[in-house]
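Each in C-alpha cells, the structures are laid out below.
The following pair of complexes shares a single chain, chain A, combined with chain B in the former and chain C in the latter.
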Partner chain A sequence: MTESRVFLRKSETNELVESSLLDEVTDHHLAMWNGSWRPAMEAYCAGRVLRDKPEDHHWDWKWKANEWRPLLGYHSFAIVCENDLQGLMVASDFKSARLQAQFGKPIVYVEFVATAPWNRPELQNPPRYRGVGTVMVAAAVELSWDLGYRGRIGLHSLPKAEPFYRESCGMTELGKDAAHQNLMYYEMTDNQAERFRQK
Partner chain B sequence: MTESDKRTMTLNLTAREMAVLEQLAAAKDLSKTGVMRLALRLLQAVDSKIRMGQKLMFEDEKSKEKSELVLI
Partner chain C sequence: MKNMKLDYPKKWYENRIALEGDAEIGAGTPPGIQAKTLAKSNVTRIDTRIAFGTFVALWRRNRGWDAAKLAETAELDTEEILEIERDPHCEPEPDAVYKLARVFGLSPKPLLELAGLIEPTTPRLREEAVRFAARSESVAALNDREREAFEAFVSAISEPA
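For the complex of A and B:
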C-alpha cells in the first residue's frame, strides 16, 4: 500500500490541511466507514423520503470490498485527514473508451466514489473539508498514467455530481446511458487529463 | 505494486499470436506487456462474474440482438 500526501481545504478556516491518499482500502478504513460515516448517513436519512436521501445512501462499502478485493483489475483508494475517513473510491482498469477520439482504448473507470457525509454541504453546512472529489479524480488520472493509459478515465455520474465532472474536471459528456440506470456518462481524454493535472 | 514486486517470465507465442498481440498493442495504445496484463485482469474479472452465476453478453447497438459468450 502506498500513501501519498494530498491536501483538503478546511471549510471553517479556508486552510489547506495535509491528508493521506492511500491506494488500498483496508479493513481499518472499512471499520472507520462503519463506525462514523455509516451512522452519520443513517442519522441524516432517518425520517426522510427516498428522494431527499443522498443518491449513494445505500452504498455498503463493506459488501463492495468483498467483490473487488480478490480481483487484479480493481483498485481502491481512501483519503484520511485528521484521523477520520474523508473519501472512498473504487476504480477498474479493463474497460474501453467510448469517445470516438479514443474508442476502444483502455480507460480507468471509476466504479464508485463518495465523500464522507460531513463533507457534503447538503448534509452539513459548512462541510468539514472540500476537495475530496478532486483528489479522487486526480488519483484515477494518475492510476491511468501508471497503467500506460495516458490519463484516460471514464465514469457514470450521479445527477448531483454532473456539474463537477463537466465543469471542474473538464470531462466530455457522452449522454445518458440506458444500460446504467440512465446515468450521465463522462470521459476524460489524454489531453483533458493533461489539462486537469496542470490545474 | 512497486517494481520490486514484479516477476519476470518468458512467454512463447506462435507467429499468429504475436501478430495479434502486436495488433492489439497498437489498437489499444499499450505495450505488449500492457496488453497481456490487461487480458489477465479482464479474464479474472469475467471468470469471477461467471462463477457467481452471471453471463457475459454482447449486444448489437443497432439491432439490440444479444449473444452470450461462453467461456470454458
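For the complex of A and C:
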C-alpha cells in the first residue's frame, strides 16, 4: 500500500491541511466507515423521504469491498485526514473509452466515489473539509498515467455531481446512459487530463 | 497496481479545490436499486467480448498452442483468432464461435452470449465474464491465479452441448 501526501481545505480555519491518500482500502478504513461515516449518514436520513436523502445514502462500502478485493482489475482508494476517513473510491482498469476521439482505448473507470457526510454542504454547512473530489479525480488520472492510459478516465456521475465533473474537472459529457440507470456519462481525454494536472 | 503516488504541489490543491467549491462529487450506482442487480446491468457487450477474447487466448495457452495451431484445428484464419483475442470491438462471425466451441468441447450458447451474438440469458454469465477478464493477465504462461480463474470460468460456462 502506498501513501501520498495530499491536501484538503479545512473550513474551520480556511487552511490547507495535510492528508493521506492510500491506494488500498483496508479493514481499518472500513471500520472507520462503519463507526463514523455510516452512523452520520443514517442520522441525516432518519425521517427523510427518499428524494431528500443523499443520492448515495444506501451505499454499503463493506459489501463493495468484498466484491472488488479478489479482483485484479480493481483499485480502491481512501483519504484520511486528522484520523478520520474523508473519502472512498473504487476504480477499474479494463473498460474502454466511448468518446469518438479515443474510442476503444483503455480507460480507468471510476466505479464508485463518495465523500464523507460531514464534507457535504447538504448535510453539514459549512462542510468540515473541501477537496475530496479533486483528490479522487487526481488519483484516478494518476492511476491512468501509471497504467499507460495517458490520463484517460470515465465515470457515471450522480445527478447532483454533474457540474463538478463537467465544469470543475473539464470532462466531456457524453449524454445519459440508458444501460446505467440514465446517469450522465463523462470521459476525460488525455489532453483534458494534462490540463487537469497542470491547473 | 500498487505504488501509485500523487506528487502535486500545495499550490495545485489551492487552485483546484477552489474550483471544486461546495460541489457534490458522487459517481456510481444511483439510489433505490440493489447494487447486486445493478452490477449485472453495468456489464456491456464490450466487457463480455473482452472476456471471450481472454478465454480464447487462455484456452490455447493452457494447451501450449499458438494462434496458428488453434486456427488450423478450428478451420479458421489465424487473423480471425487474433482479432477475437485482441479486439473487443470486433464482432466475431457466428460460424467462428460455433467452430471454437466445438474445439473447446463446450456448448456454443454461452460463447455466443459472450461474443454478443445472442441476447444473454445464462444467469450471472456476464458478471462471471467480467470477473474472469479482470483476474487474467496477458503473460506468456498461465500462473496459478489465472489457471484458477480459467478453470472456474470453464465450469461456469460448461453445460450439456
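The rule is simple: the second predicted complex is superposed on the first by the 199 of 199 C-alpha atoms of A that agree within 3 Å, B and C clash if a C-alpha of one lies under 4 Å from a C-alpha of the other, contacts with A are read in each partner's own complex, and residues count from 1 in each chain.
Convention: contacts are C-beta pairs under 8 Å (C-beta built on N, C-alpha and C of every residue); 3 or more make two chains touch, one makes a residue touch a chain.
The shown structure was predicted, so the numbers you read here are calculated from the model rather than taken from an experiment.
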Worksheet item: For the overlay on chain A, clash or fit between chain B and chain C?
Response: clash
Worksheet item: Of the two partner chains, chain B (first) and chain C (second), which one does A:148 touch, if any: first, second, both, or neither?
Response: first
Discussion item. Which partner chains sit in contact with A:163 here, chain B, chain C, both or neither? Use first/second/both/neither.
Written reply: second
Fill in: chain B or chain C, by number of chain A residues touched
C
Discussion item. A:105 in the overlay: touching chain B, chain C, both, or neither? Say first, second, both or neither.
Written reply: first
Discussion item. In the overlaid three-chain picture, which partner chain does A:6 touch, first (chain B) or second (chain C), both, or neither?
Written reply: second
Fill in: Touched partner set for A:62, first chain B, second chain C, both or neither
neither
Discussion item. Under the stated touch criterion, which partner chain does A:48 make contact with: chain B (first), chain C (second), both, or neither?
Written reply: neither
Worksheet item: For A:72, is the partner it touches chain B (first), chain C (second), both, or none of the two (neither)?
Response: both
Practice prompt. State whether A:28 touches chain B only (first), chain C only (second), both chains, or neither.
Written response: neither
Worksheet item: What is the shared patch of chain A, the residues that chain B and chain C both contact?
Response: 70-74, 92-94, 104, 147
Worksheet, complete the sentence: Within the complex, chain A is touched by chain B residues 27-31, 34, 38, 40-42, 44-45, 48
Worksheet, complete the sentence: Within their complex, chain C touches chain A through residues 1-8, 10, 12-17, 19-33, 35, 38-39, 41-42, 44, 46-47, 50, 88-89, 130-131, 133-137, 145
Response to the item:
Counting only contacts in the complex, chain A reaches chain B at residues 70-74, 92-94, 104-106, 147-150
Response to the item:
Note: in the complex, chain A contacts chain C through residues 1-2, 4-9, 16, 21, 23-24, 50, 53-60, 63-64, 67, 70-75, 92-96, 103-104, 110-115, 120-122, 127, 130-136, 138-139, 142-143, 146-147, 155-161, 163-165, 167-168, 179-181, 183, 197, 199
